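In what follows, a structure is listed as structure tokens, so that the remarks can point back to it.
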Amino acid sequence: MTMTAPPIAMTEPSLWRQSLGLLWRDKFAFVAVLFLLLVVFAALFGSTIFGQSATRINLAARNAPPMSMHLGWHYVLGADSLGRSILARIAVGTRNTMMVAGLSVIASLLIGSLLGFIAGYRADWTTGVIMRVADVLMSFPSLLLAMIVLYVLGAGIANLVLVLAITRIPIYLRTTRAEVLEIRERTFVVAAKVMGASPLRLVWRHIRPTVTPTLVTIATLEFAFVMLSESSLSFLGLGIQAPEFTWGAMVAQGQSYLGTAWWVAFWPGLAITLTAMSLNLVANWLRIVTDPVQRWRLEARSSSNGGGNE
Amino acid sequence: QDTSRDIKIVLPSAVDVVEPCHMNSTGYIGLVLKENVVETLLKLDPKTSKPLPNLATEWNQVNPTTWRIKLREGVKFHDGTPFDADAVVTALKRQFVPELACRDKIRSFGSITIQPKAIDKDTVEIVTSEPMPLLPLSLAQTGMTAPSTSMKEAERHPIGTGPYVFTSWDPAQSLVLTRFDGYWGKKPEVAKATYVWRSEPALRASMVAVGEADIALQLAVQDATNKDTDIGYLNADTSRVRIFMDKPPLNDKRVREAMNLAIDRSAFIGTIVSPLSVPASQYMLPSVNGYNPDLKPWPYDPEKAKQLIEEARKDGVPVDTEIELYGSEFMQANLSEMLETLVQYWQEVGLNVKINMVDKIQHSAMRRKPYPADRPPSMVHELHDNTAGDAFYTMIVYYTSDGGLSNISNPELDKLLKEASLATGEKRTKLFQEANRMIQQDIIPDVMLYHMVSYIRVGKRVHYEPNFTTQGQLELSAITFK
Amino acid sequence: MNGYVTKRMLHSLISMMGLIILVFFLSRLTGNPSDLYLPIDTPADVRAAFSQAHGFDDPMIVQFGHFLANLVHLDFGSSMRLERPALNLVLEAFPVSLTLAVLAMALALVIAIVAGSLAARSPNGVLDRFINVISLCGASVPNFWLALVSVLVFAVWMRWLPTSGMGGPEYWVLPVIVLAVRPCGLLAQVVRGSMISALSSAYVKTARAKGVSQRVIVFVHALRNAMLPIITVAGDQASGMINGAVVVEVIFGLPGIGRLMMESIQYRDFAVIQAGVILTACAIFLLNIAIDLAYALLDPRIKHA
Amino acid sequence: MSETSGHLVEVKHLSVEFHTRNGVVPAVRDVSWHIDRGETLAILGESGSGKSVSSSALMGLIDIPPGRITSGEVLYCGEDLLKATPERQREINGSRIAMVFQDTLAALNPVYPIGWQVAETFRTHGVARAEANAKALELLERVGLPNAAARFRDYPHQFSGGQRQRIMIAMAIALNPDLLIADEPTTALDVTVQARILGLLKELQRERGMGLLMITHDLGIVAGMADRVVIMNAGRIVEAGTVKQVFESPQHPYTRSLLDAIPGRHGFPDIAERAAPAEPLLRVEELTKEYVTPAGLFRPARPPVRALGGVSFTLAQGETLGIVGESGSGKSTLVRTLIGLEEATSGDAFFRGRSLIDPTAETRDLAQRQIQMVFQDPTASLNPRMSVFEIVSEPWAIHRDALPRAQWEQRVGDLLEEVGLKREHAGRHPHQFSGGQRQRIAIARALALKPDIIICDEAVSSLDVSVQAQVIALLKALKDEFGLSYLFIAHDLPVVRSFADRVLVMHKGMIVEQGPTREIFENPQHDYTRELLNADPLLSHHAA
């Protein structure tokens, strides 16, 4: 954004402090943020902390159940089918997981919503072309796409991201377009249009901020979906290649032990669910905080619940 | 269902083709058809791999390229046509029809052609284009289909002489065989067999557990937990990592030896592979003619391995070069775990190996000639099953210079194998044993791993004892009710 | 209305053409299938003969020309793997997937709408938190995990339902539920989100002033306004299912289009891949048209260009 | 039902709070009033003084949270409604107590036909579908919705503001309630329709003994309709009594300031006789607009609605042209067509001699700079997510050459001061302002490019009288300072009379009369104009 807030005296506390205050009031979102910070921490320092124990194979500890403390504290969550600490693997796998899922969600979000804005705003042939492309993407079997990319470009994180991103573009595209069609008729958009605002400005300054919350909600839900798709690709040998691994790959690997060692697939699955849930809680919170019409829900909660809790 | 004599068998993948001339080479057709619907002239003894009479009662080699076969009398096809010399000639000729591209023919006869001829009603003479000392073994793989079978396109309703009639087949869901009343042999107990397929091993196991099926094939090791129902057996597959010896550091024998010494084969047993698996020293089961019982699997000696690597390094061998290891999930359960563990062992002795899991099609292309010239130093994990009973079927393809799947080009070995394949009796055995020694000790073209084990779950109602042929042949007549 | 639908059909035809071209040429980049159909030690000449027999040696453009020429007569070629007409295979598999998709989608929509609306009635309340957590779990639980665990629980331990396969209605219960869980969780989230804003709008107040019951307010007044994003997301999920619920079909042994396509892709059975893509695309395009019609039906303000 | 208290509805010591970020807002503090059968009580007060909240409370329509009723009781025939079960509340709502809401576009459900929505009141209270529809149609005709039968299945967005308000009223009076709460029921109505609606309400009162609670800022209506009046300020009742008492001897200073602000007490604006320039600023020629409702996907085609039927007029530099006319007569359509939001069916309009209907890129740019618009609803026309600074500076951001970036901050501050706001307001967001202040922000934005023409579509009708007076004064001052021209749409004749130089009277898409304000008001020629003037409660009240 090109505009900065003018240095005019504010009559209220800074936005940042306010948000922190509101975050504290929504305990769920607060815990979610803490969890996400933990995830970020793991992504940054996981391999430093756990180092070898995530990759060190120890067949003697194979499928050790959770709380196998005699093997060391690394084994609180148990060990996988090669005797590696699941805790360590979840921590070390965070970086790849976030990279693959994060990049593909962001890529499809950006591309999908950009196309959606264009298709929602313009009524000429570009819209036609975009919608046709969306049709094609939607009906192109994702497995075939994965095969093709793998063959033509080879395996690798970048190509994995490519496959995952391409297949998820239509959902953002269609959602954005549907919302834009509605928002562009609102009075404040019309007002800006009458003043001569360019389509770019209308979309960027007026429509986009209103659509964003919906897109963010979808993106957080997609996050889990992408991790799981990646897991099924790993299962077909199209996913990430060992010794690299992600939570999705861990789930896929644990699948064959569901009957005998549930924990191998369970913990990484839980990590995926918790991350998705935290992202979603934070997104919901953000959605409320940034929306003046809904904001009171947080503000009111604090005082009415605060009294009741004591 | 309890009182009836109907059973249900659950397979790991769909029976999508039922053409009998692919039955030894494709999916689970053989398991369904062989010796149930379609019978062969001879049959292998599962213990010794020696041919036994089946539809033929006698056979002998008239001269190096001519065999004479005496047929069993009083046998009828399911459609009522008599099984006679003309029928056999037609069935044999059918294998060579180009439109059918019979995969069994490619496997058993290669580029050899044959001239079958009816001598009388019960005698057939076969002339081969080259000497074929192993023709009986090949005939043990060749199904005798009824003369009415199409000579132009793949059969959808195979008719044979076996104890079961091919009754119905829905490629999407199930296949049914029912007992043939006019069968020449002993009447089997099972009246009707329905085959279904589920790709998830845990689900197959569950189906038998709850009584929806009587026999489930190919359980995962970890699911084979019930001692009463789950039976493990050596399945004829031997696994190994083949080393392409064309590029450094893999062209150095010390490095290849170090690779073998670096691995603790016993550590895998009971963890990643079944406790019943046997470390292998050669690419065939002990029951195969030519197996060398004196050879032992490589011991686990990481110190020696490190030392060999150091020696090689001193001689300027680039031992740090990244080596690509290819594998395909379709080959074997828990494969990626196995490869990851191998890689770690190699890493410990100072080798740098990277895993590449690839699709079936890439994997096949990787294993066979022509090999791409520009590939990095590579290895490929593969499985091989020699169910035909003679070392020949392994050695020629995998170890001679001309072998389609060979990565060796050793004139001495070529000569030895050539001699062995023409020899017979004791001499043949000895020569192949010597070849096996040479391969393991002198050439080291691979990291031999295990003779693999499969698990089968047999439900409470029935009794069945699997053996190494079960993978490709499950005789319903061997199933009895408790 | 007819004009609009005709126009959309025309557009779909264009998309279809693009799709066919993409699928045809791209799928042929994934390797020569002879390795899948011939034994590994097949001699080179046999291999060459096989390729030639199946026309893999012709220039791609020639192959494409043949394909188009046949397509005009509704001849989709025949399956290399199953040696049957590709169209028949696809037409046999399609009803299974469609049934699965329709049942699962209906179940997911009903539950999601009820749960999401209940949650939206008091945002951040106890019920809302509960539904929120449950639906997020639903949205992020892996299909195959759920499928296998549900078989273990309901078929093996409880013995209430059959493990898998086709048969009476009881055979559909597990697959449909497993398939519905994810869309249900996802949709519940979307319903909740858009219902919250719909329920805080002025027309809801008007309805309350008229004495309209809470149920009618939620399900008649607010829901219809909140329907646009719900339909968009539901449509996306549904087309995913029409494309084949691969995992569920494979695990439960249902002969649907997802399983057929997966196997055909693995076996490079191009004729079936093409026929499958064309048929599912037809269904998805119809679905998209239906969605756009639903937009117009639900919200009179939406104009069609 | 025992009528112990004797009053139809009695509110006792009602207090309502809202919890917001800045703490607790006491919206209603210790308010008590009562209303009897057949009686009309008016509540007057400035924007945000708690009028709507106090009346919504008795129908259970306050959002809880954030709102909370902290004390008080509401007795309906002796029954405390605040303690009633939700079922009982629903039973009463709509049938015994009904309400007409302020914001009609938002208050009608956009996705259901209006007929369906009116009929729903009947259906909810047990009338069969077919009968409900028949009754709804009858009602819509009764409130004077033109062509009601044909438009029964149209959707809210297809109606003009005034038409929607009538639909709301139809919905409220459907079941002949005992008490009708009308929250600004006639803000968007032209005086003739207003008179008709008020007449209808009076008739219902006579027939059924209905109690009427009127919330309004229109003192004329209060004078003409109410028996008693309550004046609210900052959540409290500051004065109460009969209309005569309060109007003739106001006690509270706030009441006095309110009565002083009544427009129309100050005669006509002085029209400085200017030499008319050769080419007027704006020239409209035979402008016609028809709304075609094409055959929808699920609806048959409709005959086109002729919203503008050949309208011609001119606007000179520095002139204020008031546009009055019946609701639905095409006023909004006229300006929407001029600024390019609707496509004209035929005719043309020229700004400084250049066509606005089929503009060149250059003309469009010029028009976008020189013609600005202030919309009826200030809340909707300001982007809720932008700060005031961003809103006011947006025209410069759009037209980059208008003002160097460095001066924006200074100019925004200046503009805010010019419209009567403070410099420090620039950092705030729209929702932190009252309705009147928001309209000033919109005006500041309109002024940013120093335009030639400002178009106001009912720009002041939602404001209470005191704020309205301030805004009008501001517009006048700006006009004198910058020589602005206005196209000023209003249904409030006294406002037009005090502000416009010339007046243009529209009826059914046509201009029936136009001329200098004084001429039109003192000597109307057309029947419709006369009808309009006679219907105005304040003007006629004065005349009487």
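By written order: A, B, C and D. Residues from 1 in each chain.
Basically, a residue touches a chain if its C-beta (ideal position, glycine included) is under 8 Å from a C-beta of that chain, and two chains touch if they have at least 3 such contacts.
For each chain, UniProt lists the protein as follows: A, C = ABC transporter permease; D = ABC transporter ATP-binding protein.
On a predicted model such as this, the values are computed, not experimentally measured, just so you know.
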{"item": "Most contacted chain pair (by C-beta pair count)", "value": "A-C"}
{"item": "Chain C (ABC transporter permease) and chain D, separation of their C-alpha mean positions in angstrom", "value": "49"}
{"item": "Distance between chain centroids, defined by C-alpha means - chain B, chain C (ABC transporter permease) (Å)", "value": "39"}
{"item": "Distance between chain centroids, defined by C-alpha means - chain A (ABC transporter permease), chain D (Å)", "value": "45"}
{"item": "Multi-chain contact residues (two or more partners), chain A (ABC transporter permease)", "value": "147, 151, 235, 258-259, 293, 297, 301"}
{"item": "Contacts with two or more other chains, residues of chain C (ABC transporter permease) listed in rising order", "value": "30-31, 148, 152, 200, 299, 301"}
{"item": "Residue numbers of chain B (touch at least two other chains)", "value": "202, 359, 362"}
{"item": "Contact pairs between chains, per stated definition", "value": "A-B, A-C, A-D, B-C, C-D"}
{"item": "Chain A (ABC transporter permease) residues within the chain B interface of the complex", "value": "55-57, 59, 62-63, 81-82, 147, 150-151, 155, 235-238, 241-243, 253, 256-261"}
{"item": "Contacting residues of chain D [partner chain C (ABC transporter permease), same complex]", "value": "56, 59-61, 63, 86, 89-95, 98-99, 101, 103, 106-112, 120-121, 124-125, 155, 157, 168, 171-172, 295-298"}
{"item": "Chain A (ABC transporter permease) partner contacts - residues on chain C (ABC transporter permease) that touch it in the complex", "value": "11-12, 14-15, 18-19, 22-23, 26-27, 29-31, 123-124, 129, 132-133, 136-137, 139-145, 148-149, 152, 182, 186, 189-190, 193, 196-197, 200, 228-229, 232-233, 235-236, 239, 243-244, 246-247, 261-262, 265, 273, 276-277, 280-281, 284-285, 288, 295, 299, 301-302, 305"}
{"item": "Sites on chain C (ABC transporter permease) touched by chain B in the complex", "value": "30-33, 35-36, 38-44, 46, 49-50, 53, 81-84, 92-93, 148, 151-152, 155-156, 159, 162-166, 250-251, 253, 255, 260, 263, 266, 268"}
{"item": "Of all residues in chain A (ABC transporter permease), those that touch chain D in their complex", "value": "2-3, 5-12, 18, 186-188, 190-198, 201, 205-206, 209-210, 290, 292-293, 295-297, 299-301, 303-304"}
